[in-house]
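Have a look at this one before I ask anything.
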């Protein structure tokens, strides 16, 4: 951490900051420029961000040097984290395709979709098991029947399954049926939920919040990691910007950037990022070319009769086309 | 809701959309322009957003006409909602000042601050009762001792108190001590928490998420409202933009805009919005001038020895100055 | 400027960076933390930002310490810049109101508006003198007749006038008629135009670009200033964010922030920032309470028959109301 | 265009809006919902956006149905625009690589780089011919010697050249030396410059402004197009968001989105978008996979002794690696 004193700071001001830092156990180092004095903290024991430095006269700017996360950083562990669930490997050579409907609607629906996406090469089945879409007028209750259907569709087809959990008290129920827990973008900073997921033994697919920086995403991953669960999969799913042709702006630079900053696998959700099914094929290809370890795609066998609006849903023929176009890109990856 | 068919849509495409809508119970109305055909849905019974229209050929754009919230809208209730807690009125003629430290640290700290801010005109005491600041390495646990201190400081001084709740399972504990529940920006879309707060009988101070639109803030308020709790106080606390001189960008237009869209009271948090104590006085004044029903301000009697970094904390002398400068503005309001 | 070397940088890497800096004339200072080595540049002669440091091994981050502008900074000149044009003072005790139509349409229109806003207390008349609104199909040509009408309306009423200039070759023509040159948000980084305006002897009202940081606005002001024209008026007019209820997000924190960073006067344009006439009164009041030196407001005597869409235009009765409500706020300022 | 009347609008309010529209030559069509009356304008002759509808009572919202550009739209011309300059084809089967330094520094520098990038497969040489980088203290003057060197390096190697033009009065000079004019992001809405470029007979590479929507980029292209120059190349180069690990956020969805909306070729600048050379390879690959017609890349043979900071500059070995990794992706494209 570096403290920049403003141009008018006196020697006394500098002295007081140093005394405060020393008193709290931090060693310091002074660098005198011609227009600014800079105080460095050597060896950041404890958390210097908790020192109330802005309360001191003459402090202009405080600049962190170290990153606010550790265990999930590439510096801490240089080798890629590879997550193995049964026969499926995430973060390895092969990019993994996760596919399925927005919402689980019926046995026929989820089984049909599972069979189709499995036969086309998907390895994991997705689907939300909530009773109804989020609405101000109904509680977001989990429907155990839907969870069962998802698990059965997975068993039947040999697909792993992933489904969303929205609060800590839902973890036990979801745990009975899922292979991977999904944390939605809105819950990326639901720290109570993250902590509890840190205590289970299953992988967590952690979606980036729509206005979260990469640093904040990694801090959220650190919450899970620090409790002992090292199976975290990061997911870029679009950030909120002024552009409104797309639902959000898919930040694909996040893929190589997260790979530089962290050892965790990174997947991409082009469906919710763009909110337009016509953009899903090109952005899926771009994600794989950028180095993503996988994709999570919304697919439906009969979107015209589904319960979601279909804006970003691929039909089976489009998903078939996607898988065909992805194949050579996935091969280039190896 | 209006469905715009693209320039190449056939009569058959139009027909299929209309049939689907009719089948789901929606009446329609067609308007034929020279370059586009527009289908209107008359009387939006049920939720037309759940019709999977993008799965149909020829659909270019779907434009909602009605707002996605109802109970909290000005249209539903034209009179301002006024919230009365003991002797304090929020949303009435007088602007209400909420003040206090970031974190409750000790009996002396919270009592000192309470006495000072009370004597300077604050009506409500704020303070977080968590054991430690949010960190990846410790659970965000509530500290009942801190809650007690807060309640005692309130009793002693005659101030109401407000404190944050981060998950539904903390509601009962917090309820024993607080007058007002605060939902932080990170939890604005924690729908489980919102729903549960909808079932209690105390006011909820709902902070806007840093990337939430006004519409989304009002939808979150609707979650609480629809469960029966009509005492919701909206709080603008800065949104995330590219500007980085300030921590966030205080969106003061939100104050009159929310007053047009909704009947709920609106307060402003200039401390966390700007992240710079030097900006707190001018932005507090601006907020009142813009029509805010109150302010929530971070104040500490001894910031140099506090547990937060002090970036946005007012010392007592600055808070005194603020209250003095606010006085004529608050009078103009009446 | 501070160069942070990454955790794996060798002594040799550090040495090479220092040699490069020394060779280019910069003195350095090393600070060795436990996990990072930090190199400071002492006395930033020349422009160290032009040293290609990222081309060197081991460089993790380069952090500027000094600001990228000088002449317009508060540090360079601590006293407020006060601009006096005839009897009007901008940046002094009194807040100045600039008002007028979007586009000059006819003699009757501009004279009517001028008389009305003058009688209600405005000091400066605004109006665009372009032949037609910006459109892909017609060149944005200045209409000298409109410029003349503006100047005449100013003369007749005793109002100063301000009008926009869009390129360097329009300066001479505009100079014949205007008291103040306006640079629109889209031209904030039209450096050729800024430089040329730096060579004239009239004040320049410089609007912030919709995605410009405060730092960039001040750099643009520095372009004008460094050529010798010290009469620059900064104007906050809203930035582009994800919020879409308002046209842009009025960043009122910019007012006190610019006052801290710079000695230049700061005015606010609530009309174009919000794009909604209903928000103009509250945001005007908020701007003055935040410390703005003036306002620029779109007003029309007959908006239903004007050439612009009227979204943000005040009618005379609303402008009358605005001036009445502003009065006590402007008095508080003194 | 659709006009939504608010819930309280009277029949009289509706009538007045219709009369105004009729008077201005627009035919209308009314659609009565249960809670809203919607007025549609049939056949948008003239420009209905110029009708001052917000000045009328009862108008809640005005929603455009048609796009604000025409000639550059896919609807107007369904076939891809292919630009052929000598032997180079932009917008055809093959993706085109543009490479070169940030600034032209010397004959040796530009010739060395030209030879290297040519031998590695680039087709076009880029380089800025300004005397010095943009700075508040020096005018952005073109250096004709640099323009000559660029043209000579192009001739010698058989590369086409592209260089930036910053104002209309520089067009003639640049025209003597360049094959393609580049309009920088800061000038995307310099309408005077765009119009003049619409009158020349050479291709224009138009960069998206850092806070421009796709719609605004296409409107800017329409400015050039409508003057008669149909050779416009769109360039995505990153938009400004809150994320700060990258310089800007590369919006790759813009590539397929622009291909849907327009017939113009689209290239990508991963260097300035990310501002980090380590991200240039993955984002270049992603851009091609997303369907980009080409890339513009910053390359230097000796970045440690260049005049720019090297943050995003590829060295020759990295550019070699890039071209190797791009090859199979470019082949997949055909």
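A, B, C and D are the chain letters, set down in written order, and residue numbers restart from 1 in every chain.
Heads up, the rule we're going with is that a residue touches a chain if its C-beta (ideal position, glycine included) is under 8 Å from a C-beta of that chain, and two chains touch if they have at least 3 such contacts.
Because the structure is a prediction, the values reported are computed rather than measured.
J.: Work out which chains are contact partners of both subunit B and subunit C.
T.: Where subunit B and subunit C share a partner, that partner set is A, D.
J.: Which of the two pairs, C-D or B-D, is linked by more C-beta contacts?
T.: By the number of C-beta pairs in contact, the winner is C-D.
J.: If you average the CA atoms of subunit C and of subunit D, how many Å lie between those two points?
T.: Computed from C-alpha means, the inter-chain centre distance equals 26 Å.
J.: Distance between subunit B and subunit D based on Cα centroids, please, to the nearest Å.
T.: Result: the chain centres lie 39 Å from each other.
J.: Out of subunit D, which residues touch more than one other chain, so two or more?
T.: Each of 211, 240-242, 244 in subunit D touches at least two other chains.
J.: Quick check: in the complex, which residue numbers of subunit C touch subunit D?
T.: 20, 47, 49-56, 62, 69, 133-137, 139-140, 166-169, 186-187, 189-193, 195, 209-211, 219, 222-223, 225-226, 240, 277, 303-311, 313, 315
J.: Show me the residue ranges of subunit C that touch subunit B in the complex, using the header's touch definition.
T.: Residue positions touching the partner: 211, 213-215, 239, 241-246, 249-257, 260-261, 273-274, 276, 278-279, 282-283, 285-291, 328-329, 332.
J.: Give the list of subunit D residues in touch with subunit B in this complex.
T.: Subunit D reaches subunit B through residues 2, 4, 7, 29, 31-36, 38, 40-44, 61, 63, 65-66, 75, 211, 240-242, 244.
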